[in-house]
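What follows are several structures.
Look for subunit A in each of the two complexes below; its partner is subunit B in the first and subunit C in the second.
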Partner chain A sequence: MAKHEVKSPIPGTFYRKPAPDQPPFKEVGDTVAKGDTVAIVEVMKSFHEIKSDGDGNITAFPIDDAEPVMAGQTIVELD
Partner chain B sequence: MPINVISAGIATTIQDLGRPGYYHLGIPMGGAMDRLALRTANLLVGNEEDAAGLESVFVGPELEFTEDATVAVCGAELPPKVDGEARETWTAIPIKAGQVLSFEFLKAGARAYIAISGGINTPPMLGSRSTYAIGALGGVDGRAVQPGDTLPLGKMSKPASEGLTVPEKLRRLPSNPAELRVLPGLYWHRITENAQKNFFDDTWKVANEADRMGYRFQGGRKLDFVEREQPYSAGADPSNITDACYPYGSVQVPSGTEPIILHRDAVSGGGYFMLGTVISADMDLIGQLQPHTPTRFVKVDMETALAARHDRAAAMNAIREAIS
Partner chain C sequence: MKTGNISKLLIANRGEIAVRVIRAARDLGIATVQVYSDADKDSRAVQMADETINIGPPQAAKSYLDIEAILKAARDTGADAIHPGYGFLSENAGFADAVADAGLIFVGPSGDTIRLMGDKAAARAEAKKANVPTVPGSDGVIGDMQEAAKLADEIGYPVMIKAAAGGGGRGIRIADSAEEFLSLAPQASSEAKAAFGDGGIYIEKVIERARHIEVQVLGDGEDVVHFHERECSLQRRRQKVWEEAPSSALNENVRDKLCASAVALAKSVNYKGAGTIEYLYDDETGDFYFIEMNTRIQVEHPVTEMICGFDLVAEMIAIAGGAKLRVSQDDVAAKGHAIEVRLNAEDPANNFMPFPGVVGELLAPDGPGVRFDHMLYPGYAVPPFYDSLLGKLIVWAEDRDKALLRLKRALGELQVDGLATTKPLFEALLESEDLRAGKVHTRWLEPWLENNLNRIKQKEGSNS
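Coming up: the complex of A and B.
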């Protein structure tokens, strides 16, 4: 299957977990379907869920949790 | 014939050049954070410069047109598409009835201004269509644009020239690191000489708490205050003052840790000291700063500030001449 990259539509701070005391939305090796929430990005005092726009298995998260993300940057790689 | 809003991004508001005159009552001027970008977008589509358009933060809306129109997107590099086909920013774009305007991912800047021929014709409140959401004034029923809204258009004042474009050297976005010129003043004397120096020496970063009301910065050294006995009615924190008026562009630093620049939707007063103000010539730039952008504050005097204001007026005139 072709590689697919899920990109963040917004700049901000990237989080893999819905809350600090909860497990990440997804891990490497997990299967995702289009529409699944894969991360949240915090900006302008609010949190925005980032949903996958493709189907596949997660091969990597190129950005670490709680790191800055720019708009258009890849946040999840799928295979 | 209106525009149908299919999606609205994360914060798309109707803005014109604002409603000056009510700040003493607590109602801020509001209006486009990047005024040059809105003025320019309006000129490109044949509108008056103060017509109402859309201010989209980071993410563009999807808009379905029900009549032929001309649009222009200025400010942030948020590439527009018409029925999925790429178009240029800072350029007059023809759109036919039934076509959909949408946007690519943001490439640079933070706020795109979308002007539409005829201007958005929602009811003005206190002389402006600008959305001041906290006060439920202007916009669509006092709020940001939402999917399902229909935006009425005014009458075109003159036909737009399709393909009209602003020369690249007249477009303005912040440098990286961004530089904001600050005129020290107001309560400048409240911080120590060392803190005064550190504020301008350090590189700060735009925080996630950055919006139309204020832009917060992080990462510089904590500012130390000159010791004093707090005056009557001032809070206990050394950054507190007896309540005072807050000018647009003023830089407050609660507890000396994170500077906040008040912008177009500023609160008009409060009890934090301000170390000075960002000069008027650089206010537009703030609206184009993304979170995490490294930022330097540059110390200037009044003479420099006034010369910079003059330069910005000349830059706007150069745009008027280039596209008239």
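Coming up: the complex of A and C.
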């Protein structure tokens, strides 16, 4: 059970990278601090950075890159 | 009934334009096939079409942009033609080719025409050849900086320095003097090199207070007819939000020249289908300059239909089916004034934040001179995966002042619960003296938005 779950505030398409040809913002095992950008969600052709609202080590990304996400769905699990 | 060679039309699009195309096909007696992604199975177009077929997951790249999936859908349903709508694959030359190669009819120009007019430099050269004025600038990429500065002097400052490989406003610099030019141009070149892998830059005159004016044409491969102009100067981040026909800025002399130049350009490329030739218009000098051609039906086509009385979508389908133009230039008379506003699922009081959600109560405006092209119904969940356009409210009246009053009336009748929409923006805009007087240009709206946030918030408050 993750200690903290970062949820997407908006629905859309979930991206782990800032651009298709760039590496992901974060990988499993990375440390994140509150305010770090962990993903981008594209909603109606506009792109929004999702920032972590907790500190910890990333244990999982429950959604794959470029897949649909619902508002309130967990996108990063922290330990 | 067959219209030319088309008896069953597949719509390779979604949203309000899919609804619009289904209506045109039905008016022509043509059966319809609506493709849909997993996110669109409950869409209005799917409910309306004669047949429907799933083409993949919500992401456009895996559905509405998947050429193979769309061609397979056409084969599986026995469709003989494909209408691409706007956006998605509508200006994809490879798609137009693939449709033709599959033995189907593409409702639009050939892949070659799309390729030619889609290449900015080639389209500009084509316009020059047809004696259509283009924005003064360098002939292609500039080499020597001192030579370029001399040319910039001749054109007159300010000039725009643009990356040849750029787009979407990236890599643009504006120089006000020769000194500035000589410091900015190398900078722009190295930035372009870093961003696009190509340091090529070219220069264009800055048209300070330009209006965006465009001419609607229909061609059958030989003849071309124009349907007068639209003005779309109200833009936010280069996206049109409010369109009118005719433009209130043109006199008859300029209007005739503008429309004639659009016909000349379309004829020079043997244009087939519906197309729009876009221009910048300089109020101060009365000069107009070609910017680009859109080789598809446009979002704002209804304002033209309202003043001219023709169904442009039906005509483009008939032409694709092999018909000659059914309209001659003498048949096309512009009457009255039309205004369209784009109802987007965005919150104009919150930096136009997209607002997908579920439609609650819906009251559609109606009555004389009002048209509402949309995809809404109560309970409809607007998906977050596509653009935010929900519909277009179009009004017509005998003149512009009456059309503005009618727009106010129609907006008052419109109620879309459950979503934030751009309706309050238009209610606030209707109070602008500049807008009412038609004193606008392409860079008018953005500063107005900054200065009128409270007015928009107040309108939003009185709607909820």
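Quick notes
Here, the second predicted complex is superposed on the first by the 77 of 79 C-alpha atoms of A that agree within 3 Å, B and C clash if a C-alpha of one lies under 4 Å from a C-alpha of the other, contacts with A are read in each partner's own complex, and residues count from 1 in each chain.
Operating definition for what follows: a residue touches a chain if its C-beta (ideal position, glycine included) is under 8 Å from a C-beta of that chain, and two chains touch if they have at least 3 such contacts.
All of these numbers come straight from a predicted model, not from anything done at the bench.
Because the two structures share subunit A, they can be overlaid on it, and in that overlay subunit B clashes with subunit C.
By the document's definition of touching, neither partner reaches A:23: not subunit B, not subunit C. In the superposition on chain A, A:13 makes contact with both subunit B and subunit C. Within the superposed three-chain model, A:72 lies in touch with subunit B and out of touch with subunit C [touch as defined at top]. Of the two partner chains placed by superposition, A:62 touches none, neither subunit B nor subunit C.
More residues of subunit A lie in touch with B than with the remaining chain of the pair subunit B and subunit C.
In the superposed model, A:45 lies in contact with both subunit B and subunit C. Stretch 109-117 is the one of subunit B that runs into subunit C, the other listed stretches 91-99, 109-117, 163-171 or 307-315 having no clashing C-alpha atoms. Residues 10-13, 43-46, 68 of subunit A lie at the contact with subunit B in one complex and at the contact with subunit C in the other. Only residues 10-13, 43-46, 66-68 of subunit A touch subunit C when the two sit together in their complex.
Those residues of subunit A that touch subunit B in the shared complex are 7, 9-13, 42-46, 48, 68, 70-72.
The residues of subunit B lying in touch with subunit A in their complex are 10-11, 57-59, 105-107, 110, 208-211, 290-292. Only residues 39, 57-59, 345-346, 353-354, 356, 384-388 of subunit C touch subunit A when the two sit together in their complex.
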